[in-house]
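Here you go, one structure.
All chains are identified by letter, namely A, B and C, in their written order; residue positions are counted from 1 within each chain.
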Amino acid sequence: MRSRWSYVYFAFYLLLGIVLLFLNNDLSKAVITLMNVIIVLVPLIGTIFGVMYYYNSKEFTELLLAQPLKRSSIFLGQYLGVALSLSMSLILGLGIPFVFYGLFESSAIWDFSLLLITGTILTLIFTALAFNIALSNENKIKGFGYAILLWLFLAVIYDGLFLMTLILFEDYPLDKVSLIGTMLNPIDLSRTLILLKLDISALLGYTGAVFKQFFGTSFGLLVSFVMLTIWVVMPVLRIVFKSKKKDF
Amino acid sequence: MKHLLTLLVVVLITKPSIAQMVTVCKTCPISTLTDGIAQAKDFDTIVVKKGTYKEHNVIVDKPLTIIGEKYPVIDGELKGEIITIISDHVTVDGLFMINVGNSYTEDFAAIRVKNSKNFLIQNLVLEKLFFGIYIEKSRDGKVYHNKIIGEAVEEYNSGNGIQLWYSKNIEIEHNFVQHVRDGIYLEFSNACVIKNNVSALNVRYGLHFMFSNDDVYQDNTFENNGAGVAVMFSKRIKMFNNIFKENWGTASYGLLLKEINDAEIEGNIFEDNTIGINVEGTNRINYKHNIFKNNGWAIKVKGACYTNIFTENNFLYNSFDIAYNSKVNDNEFNKNYWSSYTGYDLDKNGIGDVPYRPVKLFSYIVNRTPETIILLRSMFIDIIDFSEKVSPVFTPDDLLDNNPQIKKLTW
Amino acid sequence: MVTIENLHKKFGKNQVLSGVDLEISEGGIFAVLGPNGSGKTTLIKSVLGMVIPDKGNITVLNENIKKNSEYRHKIDYLPQIANFPSNLRVKELVKMIKDLRKPTNEDERLIELFKLEPFLDKKLGNLSGGTKQKVNLVLTFMFDSPLIILDEPTTGLDPISLIRLKDLIKAEKAKGKTILITSHIMSFVEEISDEIVFILEGKIYFKGTIQKLKTKTNQPDFEHAIASILTDNHA
């Protein structure tokens, strides 16, 4: 699916990559800045684009619905169209400047690939969530509102509540609580994945046995990826389910 | 003193005709080291040929040079100490010593120097040991080019690689120590120089000072130890150009400073440690030209620390730059480079126009509730850190670097 | 051709269709009429499977349409308001729809008929409403399907195109096809349709020829007949 916006998005990442690398001249610092971009901006853009695309192409969707096509393939097609074009923009936009900078000779390549992988997964998740919201709300304004709210909740408010819970119950063993709390939010989950790379020294300083097991071994990486996959699959299944029931 | 010793060694090696040579080999008339020592006169040289010698409790009681040819093996058969030196002017060179006896009541060592002066211990390889080289109430000695490889797993039943006790003016250089309790341990030992050693994978510390003053350690590498270096209850220690790496774990650190005064810490690299430097009750310490990179906490300050000065250090990508557990600050941060500095430099003088606050609110929170570490780098945390930066409530408000550098420092 | 049994549909609290039974035989032009909000579009969309009924059965050409998409190969549908993706060119849209259904050369004749050649390379977002409707018509008529559903086909068309459309519909009828039309233009309906289906408050109020309707309502002409149904029911 061709969209002017995906070019804009691509250009934005390209610019970001160039600015980060050539003004900073420091790959490690660029990777840290990128992490912030990826866990905040990527979900936001995925959400907005998902909702926007859905509402904008509503009539076209109706045109397709009258064609001999399965509903699930129409909606999955649209979803994948948006999610993949956003992912491509992300990967190429950031990848090209980094490749030119000489990423392949750098030790940061693993950190960087991990960033791109989590970015892609977050795009898949948040586009799917956006489609879910749009499918359930005929009203455009409401749909947008809910979508932004969802992003705000997962990106900021959730962590605030999480932090308060941990501080309020600090007298209790909280290892498991904090790990489970992380698992339930895809943004936190991706953040943790990146932390495993960037801040492992600090994380290993913590005493809890559950923490140790999680961060000290590849177990954490595995569990995080499994959870992220579930986060992709669940909303996608709901798209299929919901679209079968919906009237146009 | 040092010169005299060097001269002595040169004389001993270049002019063997003065002294006699005693050869020990499996098929020679003298077939044990113990025998060789008994036969030798003062200032003789004993050459031990290649072979395996099952000996322990070998006492060197006269000034001798013992040289191994092609690394003869001295096997202690786990029966106790292998060589004990109780005379001045002894050189031990080129032996492969294994199977030191293990004991809970006595500190058996592969080689012990006791109440001696002007000794030289070099080119030894020590394996399967309890204590490695134990220097006791001795002075003016050298420990060069030894390789000590232990098999320590637990602290309580293992010994130290090189241990100094009530000793003075000892040079420890180019040694390689791993898998013991403390790589190098100094207790009540002053004016020692520890240089160019590699101490890695030890159960407790790479290097450990207790009640020792005026020592220098430089150009050493401490890697992957329980904790890198612990300097405790000591004065005027100089720490130059060492590398502290990958000391990971609960409360693990590159360097621990406890009750230390008047030290110099310069040109060191702290990389990938859970805590770069753990500071407890230290006064008048100068930190200069150090690099702190990718540590969990670059510096963690506990308790009362006064007049510590941090200038021209590079703080690069640490999860936390500085952690404080109190609101009081009497330490100075000046002209450092902080990779997480976000200010600007309008007058282009290379110094940021806004001061940098190295202590974050989040580091205070993590101190209180360790589990919150999982929220590191969350956007919510960035927001509360920012508000704390604008108006400090929980962190010392005078803890500032007024001249943060815009570019990474080079020296 | 199309059989609808006991069709119910509710949108929220709004009962749109309440027990529609309708049998449309093969061949001929059927006009679905009714006041605004009477459920015409909902009925058509139910046949197309775009609206999922709460209750009832629909079969098209002896195929139950529930959980089925293959039967739509036999339907050509002209949606009411055609808003196509605005960054797509006309040519690309036509090609895309052809890829989705089946190859045909009919489009060339239709493009010529509606004089659309100059617009082929234009983006759909830049076209006028009437031109878009013409593109819409091309997309609908280019496949030779036995059932054609037209929702307000006359919207935005100039008189010449309107005449061409009527000819087109008549030609399709002559091929023995079944055509379902909704329209507000009574003259158009009167001229073209064989039978009308009048929907009122979610039910079939009347089904039969225009002549029959006139007789039933005692009105001399078609427009008045329709008007009288509405006034009788709303008075």
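By our rule, contacts are C-beta pairs under 8 Å (C-beta built on N, C-alpha and C of every residue); 3 or more make two chains touch, one makes a residue touch a chain.
Given the structure is predicted, the values throughout are model-derived calculations rather than measurements.
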Via touching chains, chain B connects to chain C in a minimum step count of 2
By Cα-centroid distance to the whole-protein Cα centroid, the innermost chain is A
Dominant interface by pair count is A-B
Distance in whole angstrom between the CA centres of chain B and chain C is 88
Cα centroid separation, chain A vs chain B, in Å, comes to 45
So, in the complex, the side of chain A touching chain C is made of residues 1-4, 57-60, 62-71, 244-248
Per the touch rule above, chain A residues touching chain B in the complex are 26, 28-29, 32, 35-36, 39-40, 155-157, 159-160, 162-163, 166-167, 170, 174-175, 177-179, 181-182, 188, 191-192, 194-195, 198-208, 211
Chain A partner, complex, touching residues on chain B are 248-252, 272-275, 294-297, 316-317, 319-320, 339, 365, 368-383, 408
Touching chain A in the complex, chain C uses residues 9, 11, 45, 48-52, 69-73, 75, 77, 79, 81-85, 87-88, 97, 100-101, 139
